[in-house]
Amino acid sequence: MHNKVFPQSLSANEVLEQFHRSRKYSTDLIVGLSAEDCQAQSMEDASPAKWHLAHVTWFYEVMVLKAFEDNFSFWNPEFAVLFNSYYNGIGDKHPRSKRGLLTRPSLAEVLEWRKNIEDRVCKLIKAKNSPELLWLIQVGINHEQQHQELLLTDLHHLFSNNSLFPVYSSLVKNISTAVAPFQWVEGMSGLVETGYEGEQFHFDNEGPKHQAFNQIHSIGNRLVSNAEWLQFIEDGGYQNFQWWLDAGWAWLQSEQISAPLYWNKEGQDQLLRFSLNGNLPLDLYAPVSNISYFEADAFARWASQNLSGFAGARLPTEFEWEAFARLNPESSNDLFGKVWQWTSSNYNPYPGYQPWGGIAGEYNGKFMVNQMVLRGSSEYTPSDHSRISYRNFFPTHARWQMTGLRLAKDGL
Amino acid sequence: MHNKVFPQSLSANEVLEQFHRSRKYSTDLIVGLSAEDCQAQSMEDASPAKWHLAHVTWFYEVMVLKAFEDNFSFWNPEFAVLFNSYYNGIGDKHPRSKRGLLTRPSLAEVLEWRKNIEDRVCKLIKAKNSPELLWLIQVGINHEQQHQELLLTDLHHLFSNNSLFPVYSSLVKNISTAVAPFQWVEGMSGLVETGYEGEQFHFDNEGPKHQAFNQIHSIGNRLVSNAEWLQFIEDGGYQNFQWWLDAGWAWLQSEQISAPLYWNKEGQDQLLRFSLNGNLPLDLYAPVSNISYFEADAFARWASQNLSGFAGARLPTEFEWEAFARLNPESSNDLFGKVWQWTSSNYNPYPGYQPWGGIAGEYNGKFMVNQMVLRGSSEYTPSDHSRISYRNFFPTHARWQMTGLRLAKDGL
Amino acid sequence: MHNKVFPQSLSANEVLEQFHRSRKYSTDLIVGLSAEDCQAQSMEDASPAKWHLAHVTWFYEVMVLKAFEDNFSFWNPEFAVLFNSYYNGIGDKHPRSKRGLLTRPSLAEVLEWRKNIEDRVCKLIKAKNSPELLWLIQVGINHEQQHQELLLTDLHHLFSNNSLFPVYSSLVKNISTAVAPFQWVEGMSGLVETGYEGEQFHFDNEGPKHQAFNQIHSIGNRLVSNAEWLQFIEDGGYQNFQWWLDAGWAWLQSEQISAPLYWNKEGQDQLLRFSLNGNLPLDLYAPVSNISYFEADAFARWASQNLSGFAGARLPTEFEWEAFARLNPESSNDLFGKVWQWTSSNYNPYPGYQPWGGIAGEYNGKFMVNQMVLRGSSEYTPSDHSRISYRNFFPTHARWQMTGLRLAKDGL
Amino acid sequence: MHNKVFPQSLSANEVLEQFHRSRKYSTDLIVGLSAEDCQAQSMEDASPAKWHLAHVTWFYEVMVLKAFEDNFSFWNPEFAVLFNSYYNGIGDKHPRSKRGLLTRPSLAEVLEWRKNIEDRVCKLIKAKNSPELLWLIQVGINHEQQHQELLLTDLHHLFSNNSLFPVYSSLVKNISTAVAPFQWVEGMSGLVETGYEGEQFHFDNEGPKHQAFNQIHSIGNRLVSNAEWLQFIEDGGYQNFQWWLDAGWAWLQSEQISAPLYWNKEGQDQLLRFSLNGNLPLDLYAPVSNISYFEADAFARWASQNLSGFAGARLPTEFEWEAFARLNPESSNDLFGKVWQWTSSNYNPYPGYQPWGGIAGEYNGKFMVNQMVLRGSSEYTPSDHSRISYRNFFPTHARWQMTGLRLAKDGL
């Protein structure tokens, strides 16, 4: 690591406590899953649960122990290849599309490895008084939290490929019975402070803090609901090219898309949505989820012309979103914990952006092209992994993540 | 089933005994494998071990119990979809490429289902005195035996994708220290009887018995060895278009083929071959294995011009092979139990061929195009599943099966 | 060339006369076509007319002049690359899929080159008294004739991609008003002489003459008609898996095939077929054309069970076809000049087959895999290019050639 | 058209004169090309010259004459399908990948059609006094100018596929002998006016005029040269992942990219670049051209660390570029007429963007995703088609256009 300064707001004990909590949460997530459930990979974009559990451990072994532990040696040097995700700086990688073929090491062996690495990291935290080490552990914690969300979204996708419709959790949530009335809220315009600055942990892509310029605009007080989306479908939204970007229209036709991912039907009429709670009746008042950027963008264009009260609707920029969140931090506005919210902002470096030093430099920066920013967080996001400055990102066709939308418009 | 006559050489008790033996052998094969090992699918052509275990059970449930059991009901009606391989007559199928995504039912549940179906089939055999039933059970036994071989070849392929090189069985065979001197043996020419006729169980594609016409020819007394194949490689055989069929040359280039599947190197020099016993030094005197038809054909053309004593070498027809096997049934000629032997015969129906009646009619006939016949059997073939009239078949590029070659030539 | 003996039935003057005739016919074929028409390539399998005209000239330059002409030099050495089809022995090739990009040399330049090579070949024939040369010229003539047929089939395909439906020839043939009553004719069974032997020109794949064994069988007196095919369609033939080989069913679904190539509709009802004469009402009594092997095979299976008088219908073997043709050489049986006739025979070498020597060795032999034999000839075949022993071949999905079928059955 | 106001700075006579000039320039461009040259299509992204000539005429017929001409009728109604590019609002389209198959209508017929439409448009301009008509004609003129550039870039690409290396124009330019010394110029920071406002013709994507916020930055006084690019290559720039975006690295490897498009070698050493003037020695002092966004971005990252005087180099935003151009409008800074300049700005709508009304609404807006903005113009751009506010756009892998780069950096 070549960063000169490591922002630090936590003591070693606090980091240690966070570390334990995040490690435990990972294994909590697979309670109720079989080794087989943790083995399978449903598509190249997704990874097996076992791979997620192993990869976050690989991160500590290669990024932390290898750099800081005396007399370091690998638990198994082959694991450095098998569980490398995308770090060219570290060397060979097992092919991404073949993660589901790694039946060895077994889940039990991965858990044993996890335990070993965990213990060694703990020892290290207690033994070394290094701001860089504490910072790196926090990278590891946040990295593991990101994979906790991915583990759930990938499992959701995997189970959706099985006509038995497996239920991950039978703690079925209540169906919503209402949704807040939609209102336009005045957005913060002019030069607005954007990006993280402070001593708390944050990713390199959240900074540097800088000024962005917002036009005069309004923003929606809540997320778009399934009921509103259903109107879009019933109005032929997926059959009318005029709402769609050209690339979106081509995508829709080649993939034969006509509804959000995971929507399905029982018989002729009953609309269902497959979730980790099973294949349940569609909750009309819940926020729409698992839509692509193309769909979010098309919906906004349609709503602008067809939905009463939505004239001028478009997606917000990430700067509009962030300014809104700073002014309205309460959850009453669906900012966090429901669905990620597509913005019209491309995932670009902020002015003056510098990737982290060393091999962590491949963490974010190299993905800053051909992706759109999503803001907020979803119901799958670990509870302490949400931030106003947080930037999630996916390509315009992706929709296996918990992705929805909030609308904005020019003017007041 | 609409067959009028069901050839029968076995009593109900004998069938029952065979049934038990074949069912037990399937579960014997997965001793030492984890549920994860049985879950993964390495490519569309291959299937997970769990799927093989389930599919052969599906066959009994759908083809036997459903037709013969009083008050039949499905263990789980969804399984009829999940574990259907290619029977359009039965209805929907889970997509072949997604068999590895079926983490549910678990291996334990599949084994429980196996037990249930097994018990019901036993009861049926004891209760009903029906030649058709006994014949169908034998179809089921032979079907399961085919999948036992596939289970091993698919596992071999799966494990080869893991750089940990898992060992399925540590019962390492001795390395061969010699190979029999090669000799041309006079083949049987003129009109020769071909195909099965009799009361023993056989597949529809082995009949009807008929006359085929063999030219005057000779045939090799043994299989081509790894040592001979190595000469082909060292002479630049994979780099010289003149030995190759045009489609083979294109295949070789697009797939970047330069040796049989599973050959690899340790350092610069040590040749290894990955097998179910691990990644071991290449056994030079063992028969070459895991080669495509394209490679077998190219080798013969090369050997004909470059290998002393092999002038005129070509692949045998399946009729030459069968006539040779009838005259030389001892195993001293490598007929059975080593590798399947590519022939130059296309997998076509014999004159007067009639597929089995009913849904079993999809068993063989519909695959009779764009495939080549292989004769003999391999070390992965269950011991009582070899027959002189047996016709195996694969497309010209396939090589994840245990496939090798025996040479022939025109004249004496 | 390393052939020892060059079969020769023609004098130098006769060869010269044939040479002139074949060269003139090529340029006759493009009368009425623009340089643009001769430029375009509709798919990788097809070639532009200009390319055909150039390639057959390339053949004379590289195969004949280079070997026999004193002080030979290339008209343009780059042409040896641009117009090489598939001869690896000669060196580099312009990519097959990009033949339509060769706007230079222009058609006029190709014709000028043609003239130059033609004159030099004439001079050579007159000057040299060499059986090998005369034989090679005949290879060149027959080669050009093959490309004359391809030029028409490729043009047919090209024009079918243009919604203007260009008319190549307005010499519209009369619509047939009847078809001969269908009859089964007894085929020649037992050991039958097959393959060419004699002094006339023939391709290497037509020999050596040998004995093949025919089962007792019957063969149809005429080709299957469009009217009969229409019954297949109307009976849901393209929607019922039971008639189709597994690979054919997959092909049909992925390509969305529901009728022979070039069939189309005007409004709801009027069936049309696009031909080089334009887009005309379907001639019900004409032989069906432009069907794949998969379709021919499925039709036979359907007809066997559904068409009165066709019980037992299947495709003939090429040996049955040849024996029939030897006994019934008159055209009254639709043997030649209508459509090529799919057989159930794979395109394999005859016993004892030896490819021609030298670079001509790549002419036929290397294609002997994964293709089916077609016999007869089509309306696009040059008039003196039909032979009873002639073997045409295409893969099972190809249907842009003039391909139809004649039925056979076991027994009498 | 539903636009209420049609910005107009030109009289009918001036529009008429521009119309004539632009039409003539199109046909000037194909002087020296054969009908064959105008026929071929080298890839899906490119179109045949004939198609370009036809499509711009289609635009006048469908967008202008159909709306304004009394007693309008189509020259040929099929042309409305054949030469529609991407206007879903107009109806069917001939498939983009098959434009090279339209050998009919011939080039001569297209030119005749052009003449007819041209005459009718002239008559219309003279007869009707309509601001909307005059504005629409200017859309047509600018549209034709865009296709004039495409015609040249597509021809360039087509000819590069021919190993004869055809020369379009033998008016060889002199090789440059020097390049201006590189200097950082202070950019305009803070809120800057961006976008077109005025009465001159401009595309909808250039407006509305609005304020953008520029960070403090510097910008290069000239374009990056071939000599500088050569240093990048010689330093292993194409082999080192650290300079590349992840998607760029994957693209580079799958496409086997190691130099700008059109660079090639004669023998071991002589570097050549294929251009419309032929395959000529690389001009080291000319601006690098035919690079993708991925390459431009990687070069900047490499130059920032390796090229003396280039520390901090990155691509400029389109707003930085525009501000620079407004302050430095002289061509001495390589702004126009050399190569298009990649910016780091995504092709997004400006705040308050409204697409044109009616079918022209599909002109620009629907492409605003997954593309990057390029500014300036190239040597292929028609002379009166450059503007400071002009926004060109291509996806990140495209490089058959005349695309180069200018560098910027944060700070002064």
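Lettered A, B, C and D in written order, each chain numbered from 1.
The rule we apply is simple: a contact is a pair of C-beta atoms (placed from the backbone, for glycine too) under 8 Å apart; a residue touches a chain by one contact, two chains touch by 3 or more.
By chain, UniProt protein names: A, B, C, D = Ergothioneine biosynthesis protein EgtB.
None of these values were measured; they are calculated from a predicted model.
Common partners of chain C and chain D, by the touch rule above, are absent.
Think of it this way: of A-D, B-C or A-B, only one pair shares over half of the C-D contact pairs by residue number, and it is A-B.
Most remote chain with respect to chain D, judged by CA-atom centres, is B. Once the centre of each chain is set as its mean CA position, chain B and chain C turn out to be 37 Å apart. The geometric centre of chain A is 46 Å away from that of chain B, both derived from CA atoms. Spacing of chain B relative to chain D, judged by their CA centroids, is 58 angstrom.
Under the contact definition stated at the top, not a single residue of chain D touches 2 or more other chains. Chain-to-chain contact here is organised cyclically: the chains close a single ring, every chain touching exactly two others. Under the touch rule stated earlier, the contacting chain pairs are A-B, A-D, B-C, C-D. Chain B meets chain A in the complex at residues 34-42, 50, 78, 81-82, 94, 98, 100-107, 158, 161-164, 166. Across the interface of their complex, chain B is touched by residues 86, 88-89, 191, 210-213, 215, 241-242, 244-249, 293-294, 297, 344, 346, 348, 351-352, 366-370, 396, 410 of chain C.
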